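I am attaching a structure below and will ask some questions about it afterwards.
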Amino acid sequence: MDESRDRLPAVDGEPIAGWIRDHFERQAFMDRIGATIVRAEGGSAEILLPVRVGLLQQHGFVHAGVVAAIANAAGRCAALSLWAEGTEARTAEFKISLLAPASGAVLSARSRVIRSGRRLGVFAADVFAIARGGERCVAVALGTIARHPESFR
Amino acid sequence: MDESRDRLPAVDGEPIAGWIRDHFERQAFMDRIGATIVRAEGGSAEILLPVRVGLLQQHGFVHAGVVAAIANAAGRCAALSLWAEGTEARTAEFKISLLAPASGAVLSARSRVIRSGRRLGVFAADVFAIARGGERCVAVALGTIARHPESFR
Amino acid sequence: MDESRDRLPAVDGEPIAGWIRDHFERQAFMDRIGATIVRAEGGSAEILLPVRVGLLQQHGFVHAGVVAAIANAAGRCAALSLWAEGTEARTAEFKISLLAPASGAVLSARSRVIRSGRRLGVFAADVFAIARGGERCVAVALGTIARHPESFR
Amino acid sequence: MDESRDRLPAVDGEPIAGWIRDHFERQAFMDRIGATIVRAEGGSAEILLPVRVGLLQQHGFVHAGVVAAIANAAGRCAALSLWAEGTEARTAEFKISLLAPASGAVLSARSRVIRSGRRLGVFAADVFAIARGGERCVAVALGTIARHPESFR
């Protein structure tokens, strides 16, 4: 990790736990689309995604698949932030409702854990489109994360 | 369109309707990830996606967001195949259950319309991971498409 | 309607619109299970359900189907509260995550509209189990309502 | 169990496993609405529900909550049919798309397991409305069952 990363935003002065950042950054697809994790602590997380041409669908809005991808990734990171280092978390399922076309300069996916159990976590996530004039919620998601404590130790 | 495209697989000797192929090919994100539509007729559709490094998550499997993206795109194309040329179809929502890690050489998302109404369509989609040894269903999805007949005419 | 109904709780001193209450009370199943609507205004609604033996599953908790039924009914009433009298609203789909066994004296389903469009509404709903010691969120739902403005006029 | 029950329909001459029937029949709510399990074997199940006035919504169709309840119950029984006697199965979540108003003499919820893992099962279920003229699919569902092998032994 280079130094600049250590200056990324964080909650209450705490950086994102290093292992969650590593977890996120090992996801080639997140890197490919240009997504960055800016917060993952205490059961919530945020992922930012600058909007680029390669992420769009036929009408010039961000593709629903991209919106779903960052909502899900934010949900998983929120769950990880409550679990011990090295926990493996797989998305079992999620549902996403697309409320409005996603346009703007940046998308922000913000998630929070609404149940954290021994074997399953449940998250909610909202995706906002941020433009000069403010931000607009373009999607809401609800998903289930399977926790595998024994993995990666 | 180059000539080779006209020789893509089709159902019963019929090519994919040109406007649906155009619709699909105008989606920069589908192009970016390397997805191809190979069938869209009579309420069903299929999208193929060669697996590449840039589509993976941290354990070397295809990212859930990518799996969701092609399932959704296949569902929308299946709905379009029942509707008149120029119909706009937006995904209102979808749910996806991830059954197994997605690995292999190619993913195939196969969808079918299970209800086509005046204003809404409902689709089911399965995503298969295809490898030398055969294929395995790695995800199932269910989604709702909002139909906007007045658009794009 | 008897007089006592006019004294049911309401938001900001406003009663539930009469047509929404009628809409709710014509649902034989809501009556059968003993559900009451106590609020439906400005895009949110609340339904109360006293817990009775006939609503339970095999372990003595309220059946998931009952929890889903009141979450969905609350979502529909929240949507109606934003729409004109006589609008017909059908649930197109919903997803519910069951967070904890539902026990207690009363269940409360609280919903809010998160998108209200010309043809579709999207709601979120939480179901709480209320007992002497306080209340606990036992389920969260997300659903889509199809709006049929032309109906019932 | 009385004798007549032993003559209920079954697959390949096999009765429903007694413990699954017991599991189902201990659900007061299923009894209350009049639902019967007629099949649960090899990863699939069927529940029948005679349509009665107390199950309807305001337009005379079966309430979406009832449709959801039997879809979910069928999914859980399908999962149980693959697991050892005494396994506890809780619905973690489900999503249901309501395709058409549910009317007719009887509803049939038919489910099949599409993934059965050590900790989670995934089911699909279809609900059909059966009338003199035939049957019509009125809803499709997809859900996740959490398996608790250690329970009830």
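We call the chains A, B, C and D, going by the order they appear; numbering starts again at 1 in every chain.
Note that a contact is a pair of C-beta atoms (placed from the backbone, for glycine too) under 8 Å apart; a residue touches a chain by one contact, two chains touch by 3 or more.
Source: prediction; values computed, not measured.
S.K.: Between copies chain A and chain B, are the contact residues mostly the same numbers or mostly different, with half as the line?
M.R.: same
S.K.: When contacts are scored as defined above, which chain pair ends up with more C-beta pairs, C-D or B-C?
M.R.: Output for the comparison: C-D.
S.K.: Nearest whole angstrom, what separates the Cα centre of chain B from the Cα centre of chain D?
M.R.: Here the centre of chain D sits 31 Å away from the centre of chain B.
S.K.: If you average the Cα atoms of chain C and of chain D to get two centres, how far apart are those centres in Å?
M.R.: The separation of the two C-alpha centroids amounts to 24 Å.
S.K.: Averaging over Cα atoms per chain, report the distance between chain B and chain C in Å.
M.R.: Chain B and chain C have C-alpha centres separated by 35 Å.
S.K.: Going by the contact rule already set, what residues in chain B reach two or more other chains?
M.R.: Correct list: 92-93, 95, 97, 122, 142, 144.
S.K.: Which bits of chain D are touching chain B when the two form their complex?
M.R.: 95, 97, 99-100, 114-115, 122, 124, 137, 140-142, 144
S.K.: Under the definition above, what is the set of chain D residues touching chain C in their complex?
M.R.: Answer in residue numbers: 23-24, 26-32, 53-58, 62-66, 68-70, 72-73, 90-98, 101.
S.K.: In the complex, go through chain C and note every residue touching chain B.
M.R.: Going by the criterion above, the answer is residues 92-93, 95, 119-120, 122, 142, 144, 146.
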